[in-house]
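Scrolling down, you'll hit the structures one after another.
Look at the two complexes coming up: chain A is in both, with chain B in one and chain C in the other.
Let's turn to the complex of A and B:
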């Protein structure tokens, strides 16, 4: 666990010191939300109806970019070999890269929620259930994104391949996240939304476990 | 025995870089790997480290192997001190990183983007000493080093021999003759 935490903190340190990756991510995210808000017009009702979908599209793209970035840090500097030559299993590399993304994605998700509240009239009265939905959805998405980013890390054209491979697997996570968020925005009782949470929880457990177990095998290739 | 290669061949696309190679490394032994550019020295070191899989044959590692690549890979936004601390933690080891940096004449707090090639090579040697593998795989460790750096390299090679075995890929025949017990030459007809 110590290695997992240290790898995540080291990557976070690299990302903060480099700045260019984080800034481009934030710029992309802001432009995307503004364009969507402009495209949907000034009426409150359509904006509010579109808010859950727009929010999760933004989060999905941010997570995809960030997962690619997590391994680009190693590939660009040629340091992936050093991680591969550490003793013992290689699951910790996957978990460290996943934790790095989550440490960035959760604050970014909060920011996304606030921007969506401002631009799309997304109500924040049910803040805690919304945050819980963000946590489950982001974890599910990032778990698969990290796995595929690691799988493709040493291939040319990985930026093009990653979304193609990733989106087919994460459709259930995105759908469940959007439905849970929409349910909360529409004022459905928590008991009804909880079905989507349970589904997300199952996906999260399955994806994180399967990815951690398979990761050492794909790295060997 | 620390390392054994049995009938190892490696192909990239249609080109065979190595064919039917047998090799073994004993404890306390330094083996020089010689040959012109493109003869497969780096490929062989990566096979020995386990970073590549042979197309045919088998590689048996009976000791922990680490590779000093050329050029050595580091994160440019980390300092030498941070790099050594993370490396030690990732390998589950402890060591006197401050002493190692002093010995190799390296600044602790400077980001590696400000390091010259020779300083990076020195840091790679310091890292290897701290991580102390049993199989030391060195890919042209002498390049970019000044006279003092080469002296440090000779000290490292002496210590490495005491801790395990060394495979040293080099174009420097004088260095090979000085430190190696035997040589394996690749790319010969």
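Let's turn to the complex of A and C:
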């Protein structure tokens, strides 16, 4: 367990120190939100209707980019083999990488929510449920993104495949997240939104568990 | 389900399944069409004898894909991957049929071909997941990576099957709840209709087994050609 935390914090420190990665992520989603707001605006109603979808597309792209970065540095420096040579099971590598991404993605998604609120007239009264939805959705997306990024890590030039590989598995997560966000924004009672949360929770648990267990198998061989 | 490593033609069991399935298919249709009409839906309910078996077999097929994908990930034998892929393909066909027959049933009973209610939504997502499975297989040229990545989708994507199955119980859905409830073991169907349903289920299962074995055989031939 300690190893998971150590790996995550090390990666976080490296990423924050070399700010180019973070900045490019921020720039990317800022440009995306801006362009979508310009394209769909200027009336309030269409913007508000489109907001959940735009927000989650932006988050999906960010998570995909970040997940390939999580392993790119390891491969460049050749440290992936060092990680693999540590004794014991290898699930902790996956969990460490996942934790690293979550530590970055949660603040970034919060920022994205605020920017979307500004550009898309998204009401933020139900802040806590919105944050909960962000948490569940980001966790679900990042769990499979990390898994596949690890799978592709050693193959040069294969990162372009990552979105294609992810497609099948993240459709339910993104759909449920968008529906939950849209429900909260439209003022639906929490009980109805909770259906989508339950679905997200199931996916999160299954994806994280299965990915952690399968990760050693796909990394070797 | 695994046969000799280098088959030249499909083996006997495959032909038996296919022949028996095809022979019993008209019998199944006859049984379906002579079953009594439903008290609420009248003769419309008869589409159930096609719709339910194809849906179940779709679920079964994806379960087989799940199993063989797991086996491939732990044993690395390409034959497991071939069975997984064959089963996913047949599963996609059966699931597609289930969706189409469902739409044909929905139009006269609900008034619309489609609605975004829990069962239909989760099943459409399930269908999309396995379409993605094949997009993925088509896009990766390196055989080793293709098998591994596809196996991962085969395992991780399977969660959509229980979600689709249980959607009528977990959420308020327009779609009927299960007439044969596998979680409680209760049956909510008249005996004559149950018989017809089970017979057609048998017929479709035989066809599924025959198709999967045949498709696996074709995949083995393809693999041999790739190696050559």
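Keep this in mind: the second predicted complex is superposed on the first by the 221 of 221 C-alpha atoms of A that agree within 3 Å, B and C clash if a C-alpha of one lies under 4 Å from a C-alpha of the other, contacts with A are read in each partner's own complex, and residues count from 1 in each chain.
One rule holds for everything that comes next: a residue touches a chain if its C-beta (ideal position, glycine included) is under 8 Å from a C-beta of that chain, and two chains touch if they have at least 3 such contacts.
The shown structure was predicted, so the numbers you read here are calculated from the model rather than taken from an experiment.
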item	value
Fit or clash between chain C and chain B when superposed on chain A	fit
Which superposed partner A:151 touches (first chain B, second chain C, both, neither)	second
Touched partner set for A:171, first chain B, second chain C, both or neither	second
First (chain B), second (chain C), both or neither touched by A:18	first
First (chain B), second (chain C), both or neither touched by A:6	first
Touching partner for A:44 - first (chain B), second (chain C), both, neither	neither
Touched partner set for A:210, first chain B, second chain C, both or neither	second
Chain A as apex of chain B and chain C, Cα-centre angle in degrees (nearest 10)	100
Minimum Cα separation, chain C to chain B, after superposition on A (Å)	12
In the complex with chain B, residue positions of chain A that touch it	2-3, 6-7, 10, 13-14, 17-18, 73, 77-79, 81-88, 220
Chain B residues within the chain A interface of the complex	49-51, 53, 64-67, 69, 73-78, 82, 86-87, 89-92, 111
Sites on chain C touched by chain A in the complex	73-74, 76, 121-122, 125, 128-133, 135-136, 139-140, 142, 145, 148-149, 152-153, 155-157, 159-160, 163, 170-171
Interface residues, chain A side, partner chain C - complex	144, 147-148, 151-152, 155, 158, 161, 164-165, 167-169, 171-172, 175, 195, 198-199, 202-203, 206-207, 210-211, 214, 217-218, 221
